[in-house]
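The following pair of complexes shares a single chain, chain A, combined with chain B in the former and chain C in the latter.
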Partner chain A sequence: MNPHPDLTSQVIRSLGWLYLALCAMNLVWTFRLGKAKASVAALAVWSSYCTALALLAMVHLTKFAEPQNFPFFMPLSIKTQIDGLANPVIFFAVSTLLFIAMIVLREWWTKPTIAWLILNAAILFMALSMTDYDFRQIVGKPDNVPIVAMLFIVGFFTWLFFSRAVENDRRIALGKPTVEKEGDEKVLVWPDLVYSEMICMIALTAILVIWGVVLQAPLEDPASSVKTPNPSKAPWYFLGLQEMLVYYDPWMAGVVLPSVILVGLMALPYIDFNKNGNGYYTFNQRKFSIITFLFGFIPLWIGLIILGTFLRGPNWNFFGIYEYWDVHKLEVLNNVNLSEYFWIRGLDQPLPAAGADASALVKTLAILKREWVGLAAVLAYLLLLPPLMAGTIFQKFFVKMGFVRYMVLANLILFMAALPIKMVLRWAFNLKYIVAIPEWFFNI
Partner chain B sequence: MSIGEYIRDSQIWKSIFRHPAPYDRRNRVVVMLTNFFLHLHPVSVKKQGIALSYTWCMGGITFFLFLVEAITGVLLMFYYRPTLEWAYNDILALRDVTTLGIMREIHRWGAHAMVITVWLHMYRVFLTGSYKPPREFNWVVGVLLLVLTLLLSFTGYLLPWDQLAIWAITVGSNMARATPFLGHEGPGAQILNLGGYDLITNASDARFILLGGRFVGEATLNRFYILHCVAIPLVVSLLIAIHFWRVRKDGGISQPL
Partner chain C sequence: MASDSSGGAPKKLSTQEILAKARAEAAKKAAGAEAAPAPAAEQAAAPEPVAKPAPVTEPAKAPVAAGAKPKSTAEILAAARAAKAGAAAPAATAPAPTAPKPAPKPAAAGGSKSTADILAAARANKAGGAAPPAAATPAADKPAAKPAAAKPVVAAAAAVSDVSVEEMLAAVRPGGAVAKTVAAEQPVAAPKVAPPMPPRPVVAPKPAAKKGAAETRRGFMVVLAMLASPFFIAWAAVTATAGVWTLGLARFMLPNVLTEPPSKFKIGPPTDYDLGTVATKWVAQFGIWIVHTDQYKSKNLIYALASVCTHLGCTPSWLEGERKFKCPCHGSGFYITGVNFEGPAPRPLERVGIRLSEDGMLEVDKSVKFQEEMGQWNDGASFFEVTA
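This part shows the complex of A and B:
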């Protein structure tokens, strides 16, 4: 018998309950549409969808003699297609495109019906994917369950933000007060606030207890300093940083860039000079700050956590969501330093080097000569770009912010952009290091 | 006179609660001003300011989870011993045989949830522009609390002393080795030497200070245990107090001007 069956009777039954829950969700949705006097055609479509889900659930919940022959599963052709597309380049390209679409199409996808359809599609995709053994292994790992939940929660709150912002922007354009301004009357904290706090606390306690009963907290084999697991992963919330290790050395990915993130977050209120959008949701009044923050939070922070958790397997290789985590998967890595590109491939010379018995000064000079292109590029990036941007695209900012604030902003943006830039350079040119001085542990 | 009235009229009751029951408007105001636990709140708020769709309640949930972690954590401390000999066995026993061993699952899941809710709280505060003047400094305090939440979770990750714990901490703390100037494999560390002796070695660098050794071992377990149960919670408690105080002083839940 197959030790790794895609379909077992237990999986099928659990999926039955999931479809039943989805059916219940859609019943509520259909009833609400009915109350809101939706058209008969729309109600008919939603009712038939609910019926289909109910039937699907029944089929799953009914005993089935041969689970491996169960007719509802993710087709192999789709699995192969999705796995074939799985690599960091496509992951990053798709998440960037989705990010742009999210902003450009915000008035379309925040409509309740569209958002509801997206949610349904996401749940159905998850449910179908659960019929795959390897997918279940990754998603069902106890420590990964909160991350799956986080995906849906972050999605929900992003939708909530955009729908509120779209509504407010429409009102502002018409010269009307925002939603937040409308309910201006004051209420007493007792009972209006303390009661909702109480209900919230009780609900949370119940959720935590049920979560603790249903799902056991992860506990693996006792610690052993000789048995290194493959892959060795940091706690899930640091996996974005661990993913950066692919592109930068630990001193950058693990120390400098996280510090820049923290300093940047703390500096945020002092460099955002825009007085609008304080105390209400809006997009149009704060386009620059919201796009920058969302880019950092969604594709870079959350996106890289997803990548590091679900798609990085043994030896930190990239695996598709339905792919078996094969320890022996080989990925050819022949990355080249910028200095090698310049001296060996460009000028057809050996890398400059000092003799073994040369003095420290001569050795240092030889290293600097070897790496001068990369050093010049990094210095130009950090020193020339800020004034250049101040004169061109950021001219308005520079005038309004003054020198110090502008320089802080420019440097933060450059550091944030450094990650995608290095990613693209790696994928396009197999570039390993821009500056490679392993003698001083100084690789960029 | 009903029993309820009799109790509320007694000297004992009146000595504990400094106000009459909040049945009418006046006493609903008084209760907020005279009760220790309630006086964190203002007396009245704008209706939209406390709407769930506006605040997401994520700051409050994070604080509640902090309390849950503190209570379940204290209970766990009665049982768990942070030594190589006992740490793993105690967690195993909590899972399999100990009464109320579920405290460990709640503690673990609550910790994960707290990391997520603290991010979402920051997300909401950013999206409503609530960091703008006069609340700039409270945002900074909030960022510090976010970092400390991650550090609490990171130090707690080691305590079960299983494979997940030791290797996650090894991977995480390996970064410290590469700290510029302060890590023995970081750029600039070679410059710091006296008469040919390196000041920064694998027994004196940032990673050594963090782990209390050259690798994740018993000293690390003890160090992380104290950080997790005493040192960081103390700092967090202080910062939470400042954070809440500043929310009130800076004008309450943010509102359109």
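This part shows the complex of A and C:
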């Protein structure tokens, strides 16, 4: 029996073309190495790799075009292992670890050879995974193709930044001028700039035309107020927000946190007192700002877009990339509010509540009594932590920035940290809301 | 302007500065060609590069002001002008066209009389000489319209005759208005050739007193004229249009035909709904589930739940196998009772009104909502208790 009923000849041939393209890329790479007078051993390795890719492409395009006897599957054991890792905790932990590794090992992975190898590995992984039906369904969806492209683009620009920053940091450490200073040659607007702009314009138009012709628009049924597609996904750029909504009340995740993000980004120039890194790439001179920004951007924004696009399936359950999207997948998420933890599980009492005919004041007091732990926790987080941080880890910042700017910075950081904190609390303790006052539509 | 550039080595010239320089040179040339007003043209050119790096020294060479120690550029300028006015009056009328801004308000040009002004005036007086009074007018149109510009005006005017500053100002004010039109007509040509002498401003104070007398008689005509003015007509038209639009919007809110389903409708007898089931057949049309269960407070109830997730308003699906409502947007889950238990939904699903109507049919009323967290599920209108 064919375990991959939908692996058509067309898919296999497309994979053949993909391998051929990869082969061409590596040929260019090898020629560049040859020009740069690389060692013979390296050239031999790269040439044989190119040959292997060419052979792989050939057999895809000719011999194994029939799905029945196609041998190049992603091994099932690896698929089950990867699917086994598919839960939000592991995803977030792995992305955080990768982020730390990216920072710590920046001098290693920005070497051109290493970066090229990583790119090759990513493309090969994609290609092998495409033999899986469920993976192809997710990645090949017209909605998601640009997101896959975006992942590669984000990877490229991150590499670009880090490689230049590493180079400049090395120069600065040696007391040499930065790359930007050394190569400070002025060019003319016409023709240098205008021509590049025109070429970019033409290339982009061509890409858009091809994209529009090749990928059909992902249109769906007419909208209906009583019918929600399952799963119902936001546009890709809002998937981070949608993931935030899983952990927060709509008012928080839909209004407060996005506003804080926007205002925070606008406030950056006023908060930043570090005058280094102006006009040149550097990491060592701007460690705090770069790490903070990249943490908010890569694991928290891009990471959540990946999670929302590829790992969230029907009923917003979590699925592995090779897992069948089963509408009836049972995932027990019995979420509990902090007040219930405190009163029912901790003190073994019912939740404090006022009688139905109590006065408004009594009811209010009952609600406040019920939620006092959560309220205290939130107030402590927002009011006690900033001075605490000012006295300890952010002492230098506080001295340099002054009270107002420091408080803005501290609050922005606390708000940013609130998202991963809430996510971890949800996963670890099934905690739904720290403060849950549905009577007032106030949940945190 | 001048004080900015007076210090420091000359750096890159801005476009404005380059223009000013070019103009000054052009003026010099023109002056050279027309032999007669040559020195005057030079003088006229001098005040122009106000923004130039070294304007201080140039006017300082002016014959008259050379003796007095220059204090500020403005004063020097004033002195230079006065001297020029004394020496060769006709040519002294070069306006400074550095920035062809609309001419300043006459009041701005003549109104400011600081100590510096008076000083400048005094200096100009010392310089003396009988200059044609018109010298004041082109100076008044200097675009800068700042005290720096105003001072030369005063100075030059003062040079004309020994009148008080107040009188001078009065004289300058209407003159400024005249100069404004002149400058507007030929702002570029002016610096090249010394412009023809504008006519001496007629110092005729505006008949302000007359107006008050006329008001009583002509009041009605004035009101009529105002009403007929384009300004009022335009605003009236805008207001009227906006008003009509608003009325149209209000009308739009009350459509003739409502295509939405009625909020009250019959859903059949209670026997249609078996115990422990959720009827999903009304979701597509009315957006409600009919639930018959005994799991809420152990009472045998039929109630209608609105199919709107209390998290963000998506439509959850009833999963028969798992016995729960599950929202596809963010994974909120609700028991058959409608009470939330998983995901981010902060409160239970909402009930809508239900009752047994007189003909034995259940009637749902979607216009009322019952929220559990507000204790409204105890309301008798929110459920139908089956007594079998």
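Going forward, the second predicted complex is superposed on the first by the 431 of 444 C-alpha atoms of A that agree within 3 Å, B and C clash if a C-alpha of one lies under 4 Å from a C-alpha of the other, contacts with A are read in each partner's own complex, and residues count from 1 in each chain.
One rule holds in what follows: contacts are C-beta pairs under 8 Å (C-beta built on N, C-alpha and C of every residue); 3 or more make two chains touch, one makes a residue touch a chain.
These numbers were taken from a predicted model, which means no experiment stands behind them.
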item: Which superposed partner A:D326 touches (first chain B, second chain C, both, neither); value: neither
item: Contacts of A:R164 with chain B and chain C, given as first, second, both or neither; value: first
item: Residue contacts with chain A in the superposition, chain B compared against chain C; value: B
item: Contacts of A:D249 with chain B and chain C, given as first, second, both or neither; value: both
item: Which superposed partner A:V213 touches (first chain B, second chain C, both, neither); value: first
item: Contacts of A:S225 with chain B and chain C, given as first, second, both or neither; value: both
item: Partner chain(s) touched by A:Y270 [first = chain B, second = chain C, both, neither]; value: first
item: Interface residues of chain A shared between complexes with chain B and chain C; value: 224-225, 227-229, 232, 242, 249-250, 254, 441
item: Interfacial residue positions of chain C with respect to chain A in the complex; value: 283-285, 287, 307, 311-312, 314-317, 319, 321-322, 326-331, 333, 341-344, 346-347, 373-375, 378
item: Interfacial residue positions of chain A with respect to chain C in the complex; value: 224-232, 242, 245-250, 254, 314-317, 327-328, 330, 332-335, 356, 432-433, 436, 438-439, 441, 443
item: Complex interface listing, chain B residues touching chain A; value: 22, 25, 28-29, 31-32, 38, 41-54, 56-57, 60-61, 64-65, 68, 88, 91-92, 95, 102, 104-110, 112-113, 115-116, 120, 122-124, 126-133, 135-136, 139-140, 143-144, 146-147, 150, 153-154, 157, 160-168, 170-172, 174-180, 183, 185-190, 215-217, 254-257
item: Sites on chain A touched by chain B in the complex; value: 143, 146, 149-150, 153-154, 157, 160-161, 164-165, 178-194, 196-197, 200-201, 204-205, 208-209, 211-213, 215-225, 227-229, 232-235, 237-238, 241-242, 249-251, 253-256, 262, 265-266, 268-270, 272, 274-282, 286, 290, 293, 297, 440-442
